[in-house]
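Please read the structure below before turning to the comments.
Should a chain be cited, it is by its letter among A, B, C and D, assigned in written order, with residues numbered from 1 in that chain.
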Amino acid sequence: MRASQTEKLCRSDFACFYPIQTRWGDNDLYGHVNNVTYYAYFDSVINRFLIERGGLDIHQGNVIGFIVASQCAYFKPVAYPEQLECGLRVTRIGHSSVDYQLGLFWHNDNLLRAQGSLTHVFVDRETHKPVAVSGQLHDGLAAISRSLIDTL
Amino acid sequence: MRASQTEKLCRSDFACFYPIQTRWGDNDLYGHVNNVTYYAYFDSVINRFLIERGGLDIHQGNVIGFIVASQCAYFKPVAYPEQLECGLRVTRIGHSSVDYQLGLFWHNDNLLRAQGSLTHVFVDRETHKPVAVSGQLHDGLAAISRSLIDTL
Amino acid sequence: MRASQTEKLCRSDFACFYPIQTRWGDNDLYGHVNNVTYYAYFDSVINRFLIERGGLDIHQGNVIGFIVASQCAYFKPVAYPEQLECGLRVTRIGHSSVDYQLGLFWHNDNLLRAQGSLTHVFVDRETHKPVAVSGQLHDGLAAISRSLIDTL
Amino acid sequence: MRASQTEKLCRSDFACFYPIQTRWGDNDLYGHVNNVTYYAYFDSVINRFLIERGGLDIHQGNVIGFIVASQCAYFKPVAYPEQLECGLRVTRIGHSSVDYQLGLFWHNDNLLRAQGSLTHVFVDRETHKPVAVSGQLHDGLAAISRSLIDTL
């Protein structure tokens, strides 16, 4: 993925938003949030969604999610101590995997600063074998999936 | 510093509070926020205070702050995705250095979960020689210093 | 990028290798290195290469590199305290940008555990305007570029 | 703890040493390793020691270690991409807790750059109740404890 090849999303493409608090250590030597840290934002947003709306129990649940692919295009830098917001939507729900898209914005600003895509595979906590996306997890994900949004 | 030797502070001891957003990666293998990460919270709170109320310009200013000592006592674990709050006060303002105390709480909860102390030395950005704590920086720090609070 | 769509590279595809030391905090709650941390490995390998072989002066140089796109496919988990190795090659040198590929392996093991791609744009430290990849930087990058490797 | 109040140790005070690999993201905006990151070094050194020489099984063992207190005095900055070395010794073995001291050096250099102290309490993984330091764990820790070193 080259930055120029990414179709840029806008705020209205995302189904839900989460605030992101930057930290001093997010800024690297060059004065902006390091490219690595964007994935920490994405990771935290996705898991918070799964916990709050998908019934994921990260401590005791039988099902856990492994990220198998991730990517990000960086359009405009962000920096501590800015307040950010991250949009989330689901673009595909497979048998045991899910694709997400995320967009990073300044709080109260419409310019897309970075855009990410991640893929979760849900597996059994003990055996690490894939498990079906079902029940509350499926319902939560479906509620923020693109197709549902499009048809509303 | 042994945990048992630390005099525990309470909410009313702190001069100001900042929200702390936890991240997925803050939890370590044992399911709680890793001991290291508390310092990332403290660091971010102190710098945010200095930027917002002490006039610190982290990108262009002539004066920067180096941490020369830090410590933390951990009383009760915290974990992502909990919302936390961090109290801050200044316990000493020297010629070029400042001592801070910080207390970590759950949002809307009075139980002190961890308590930290850090010392900043302010130096010239180029020469790294200590500079006097003066002007807006001094005023901001003095406004949250213990002695001032005590006398209010 | 879906994991299944990535052409997997092998050790002989990479031009140089760097050791990677894992840290306690790299493991997340699920016991493996968190997906975010792979990018910290990649970032550190690329910059070390640029410093040692491309003449990059991260503190004082006129030219700095911004990551504008990154991606990673995760094939097999790794975990602290394992010793890792990261292969690096350049797949494209543009006027002011460079594409890298990276592969993560266990030390002394041939199984590709993760594969990443990142794109650097080199810019002027002050103006942030793109600058040409030239001189020692170009020579260093060209020495590990795929086409040169292929023709050796 | 103020930096000036710390009795500085030297290389010969430590019982064992571990290499520390710095990362790009360890450097903060001011160009040196951030104060937070030193604890990530300490944490990783202690756990590696416990795994390799104390029989700690971080994934499946019944006993896990919680840090209840930590402190660091920073004497001279370090920065990526420097290669570091961290010395470790045990200064107290209690019934269920252990005090460590750590010293950070450049590779092949004798100047103490930072010095830390951490306290582990060992607890049952499920109940989180303190457990006695015994068996291989005790023997490993005793082998690097100050008193033993002093009497050799």
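By definition in this document, a contact is a pair of C-beta atoms (placed from the backbone, for glycine too) under 8 Å apart; a residue touches a chain by one contact, two chains touch by 3 or more.
Please read these numbers as outputs of a predicted model, since none were measured by experiment.
Asks: If I average the CA coordinates per chain, which chain comes out farthest from chain C?
Replies: B
Asks: Note whether the interface between chain A and chain C is symmetric in residue numbering, meaning over half of all numbers used appear on both sides, and answer same or different.
Replies: same
Asks: With contacts counted as defined, which of the two, A-B or B-D, has more C-beta pairs across the interface?
Replies: If we tally the contacting C-beta pairs, B-D comes out ahead.
Asks: Where the CA atoms of chain A average out and where those of chain B average out, how many Å apart are those spots?
Replies: Here chain A and chain B have centroids separated by 30 Å.
Asks: On a C-alpha centroid basis, what's the spacing between chain B and chain D, in Å?
Replies: 23
Asks: For chain A, which residues are shared contacts with two or more other chains?
Replies: Answer for chain A, listing residues that touch two or more other chains: 24-25, 27, 29, 31, 34, 36-37, 40, 43, 58-59.
Asks: Sort out for me which residues of chain D touch chain A in the complex.
Replies: Residue list for chain D touching chain A: 24-25, 27-29, 31, 34, 36-37.
Asks: For chain A, which residues count as touching chain C in their complex?
Replies: Of all residues in chain A, those touching chain C are 1-3, 6, 29-30, 34-37, 39-40, 43, 58-59, 64, 66-74, 77, 99, 117-119, 125.
Asks: Spell out the residues on chain C that touch chain D in their complex, using ranges where they run on.
Replies: Within the complex, chain C contacts chain D at residues 19-25, 27, 31, 40-41, 43-44, 47-48, 51-52, 58-59, 80-81.
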